[in-house]
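What follows is a pair of complexes built around chain A, which joins chain B in one and chain C in the other.
Now for the complex of A and B:
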């Protein structure tokens, strides 16, 4: 029987082969299921989302009980991390919501239009430090709990021979500003004060790049998420997308690649229109991870010889479908998107009310 | 005068806010009927929605066009000018219990109002009983349920069940939107699902026409 170390090497090789657009011995499966895992093993979401060490135990217990996964996308979960990405307040189970309800981001205008000037004048890190303290209830102190626990979560995952694939997240200024301003206000800013928004982005970008480089050096992960949610093509005209979105992803992705880390383009919503532009990112170094809204078959057609694709069993299928439906969909992905340059996963995140037998069917489908 | 009116339509359709508002102000000083000016802005917004439907425009364009209309309303009618009376709405619209997302709901409501629909915004995290109460108060012929998390499926299902059980044949047509598809529609028992804001608005127009709702036929200039 293979040792955990041998399993780790075998699985890492499988994943790396897929990322390099090669054909592994079989398609790797690397799921993410934060809230699902908690419900699956009977841990309250209020505890799961606020105790990072517990979240790591729960994720590992859930997935290892459902089959053989090659890796997991996140080694642990901490709800306050969402505020660092979207500069937004949250509704948290056990605090603002019943104990077993899903955490949610509050869509309010927490970042004011004047804040663009503050960023341009003072720099992004200085702005964000004050923003976290004043408007997000001393968020900087809260996230320390996660930071201090992360290396332990990564080690616990590796000790089971499982790859802690992408344990951290970075994103572009667009996403952070959009979350902080609220989507409708931010979209209007792009029309009303485009030069100011761009100036603030251009000040923020080198600091975000440096922060991301430091993160990569400290954590030495195999991959990190480069997240995209509301920067999706479906929300913006090509003119705005090419100005406020694409150049920033190119820069961030290149920095991550330069650090020897795989950028996983965790791209929610529909990016089909602009897939062609993703060919401008480094070949054989990135993973494109759509959530079920982008046409993954189109992605294969356009990006298949350039970038590994990961996905995209839809949330609704995992919640409402049957194991047979999940198996058939996964096989279709494996045979048509794979077997080279493909990693099987859910689209975005396995939802809390997914049926465990459906998740099991997804994990087992890689075996045929 | 005709030239100013045409320019307003074209400025709004091109999402040029400053130009559109300046033309509206210019029209007012020339003595053009304020409501005529506002109708031209509305026509511009309708062109934006048509382009969105054809895939030429995107959500940001719709959001901005709606705000240009709001801005023009304020210029023409004063700060309170846009307040409408939705005492007898055609649509009751809310985000279902356990879900606090209002982004999809709000954008769709704005779009529906531009299509001439009278919509009551029931808010977010709305319980099945609260939806039922709103329907009883208003007698609205359409109920729209929004949800952007998968936990919303069960809330939608509960709402649909309660409405069907309590209102029987007097129940409204129920449309769901957000993170939904055919399978979710079937699971919840809703009558229809909408894939985006204009799809939802056009479906409501069609349904109201089929029900012979004259208020809609008169008020919905964008209905095709």
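Now for the complex of A and C:
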């Protein structure tokens, strides 16, 4: 019987072969299922989302009980990390919602229009430090709980021979500003003061890049989560997407690749229109991870010889479908998107109400 | 299903429609609030006004919402068997994303009718910034309501009506202030469509 170390090496090799567009011995399966795992093992979402060490135990217990996974996308979960991505307040189970309801990012205007000037004048890091303290209830201190627990979560995962694939997160200024301003207000800004928005983005970007480089150097992950949903093609005209989204992703992705880390492009909502532009990202170094809204078969056609694709069993199928339906969809993915340059996973995140037998069917489908 | 971009006036519209159905028509109505974190003046005011409301939370994005929504629809059909189920769709989704899941997995649904609320004052701006989503919402609508007309110019209303017809020639467009209420003849007309 293989040791955990041998399993780890075998699975890492499988994943890295897929990322490099090669054909592994079989398609790897690397799920992400934060809230699902909590419900599956009977832990309240209120505890799961606020205690990172518990979330790591729960994620590992859930997935190892459902089959043989090659990796997990997140080694642990901490709800406050969502505020660092979208500069937004949250509704948290057990505090603002019933104990077992799913958390919710609040779509309110927390960042003011004057804040663009503050960023331009003082820089992004200085702005964000104050923003976290004043408007997000000392978020910097809260996030330390997660940061301090992360190396332990990564080790616990590796000790089981499982790859902690993309345990950290980064994104572009668009996602942050849009979340902080609220989508409604941010779109007004793009229409009314586009030059000022771009000036603030251009000040923020070098600091975000440097923060991401430091993160990669400190953590030395195999991959990191890079993405979001607000900058998806379906929410923005081509002209604005090419100005406010594409150049920033190109820069961020290149920095991550330069650090020897794989950027997992966790691109939620519909990006089909602009798939062609993702060919401008480094070949054989990234993973494109759509959520079921982008046409993954079109993605294969356009990106298949350029970028590994990961996905995309839809959330609704995992909640409402049958194991046969899930198995058949996964086999279709494995045979048509794979077997080279493909990693099997859910689209986005396995939802809390997914049926365990459906998740099991997804995990087992890689065996044939 | 009531669709339309964030801030277009969906909740206000639902308040008038549900009120009319419950009070004037004595119908059993359940409302599902399927928003993506959008917080209005009071995001619980429908429940406080005595309507039967089920709220659905979606994490950080709506990709997880459609399954939860369909499960809620099935549960409501079984437990309450209402005459009308009004779903407030998240403003950042195409109606078809939700409709396809409902049609595939939903139970107890006789028919689905899609209202799209368009913000007349911001029509030009939103059409330029996010044409694909706005046009998709119009093209998948059974009826478009040009809302917030008291905040918009006559030209903006005219432009919306012409463009909506171009996108979806079969759709009827009705204009309403929403905030000042909807007159009963208009409500009757809406329900004739549904």
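Everything that follows uses one rule, which is that the second predicted complex is superposed on the first by the 368 of 368 C-alpha atoms of A that agree within 3 Å, B and C clash if a C-alpha of one lies under 4 Å from a C-alpha of the other, contacts with A are read in each partner's own complex, and residues count from 1 in each chain.
In this text, a residue touches a chain if its C-beta (ideal position, glycine included) is under 8 Å from a C-beta of that chain, and two chains touch if they have at least 3 such contacts.
In this text, all values refer to a predicted model and were calculated from it rather than measured experimentally.
Superposition of the two complexes onto chain A shows a clash between chain B and chain C. When both complexes are overlaid on chain A, the residue A:353 reaches chain B and chain C alike. Contacts of A:141 after superposition: neither chain B nor chain C is touched.
Shared-chain residue A:4: touches no atom of chain B or chain C.
Once the two complexes are laid over each other on the shared chain, residue contacts for A:218 go to neither chain B nor chain C. When the two structures are aligned on the shared chain, A:268 is found in touch with chain C, with no touch to chain B.
In the superposition on chain A, contact is made by A:229 with chain C only, not with chain B.
More residues of chain A lie in touch with C than with the remaining chain of the pair chain B and chain C. Counting contacts as defined above, chain A residues 91, 101-102, 104, 106-107, 183-184, 187-188, 190-191, 233-237, 240, 314-316, 319-321, 351-354 meet chain B in one complex and chain C in the other.
Of all residues in chain B, only 15, 17, 57-61, 63-64, 67, 98-103, 106-107, 149-151, 153-154, 179-181, 183-184, 187 touch chain A in the complex they form. Taken in their complex, chain C has these residues touching chain A: 5-7, 35-39, 57-61, 63-64, 66-68, 70-71, 92, 94, 97, 101, 104-105, 125-126, 128-133, 136. Those residues of chain A that touch chain B in the complex are listed here as 91, 101-102, 104, 106-107, 183-184, 187-188, 190-192, 233-237, 240, 314-317, 319-321, 351-354. Residues 35, 82, 85-86, 88, 91, 97, 101-108, 182-184, 187-188, 190-191, 229, 233-237, 240, 268-269, 273, 291-293, 314-316, 318-321, 347-349, 351-354 of chain A are the ones touching chain C in the complex.
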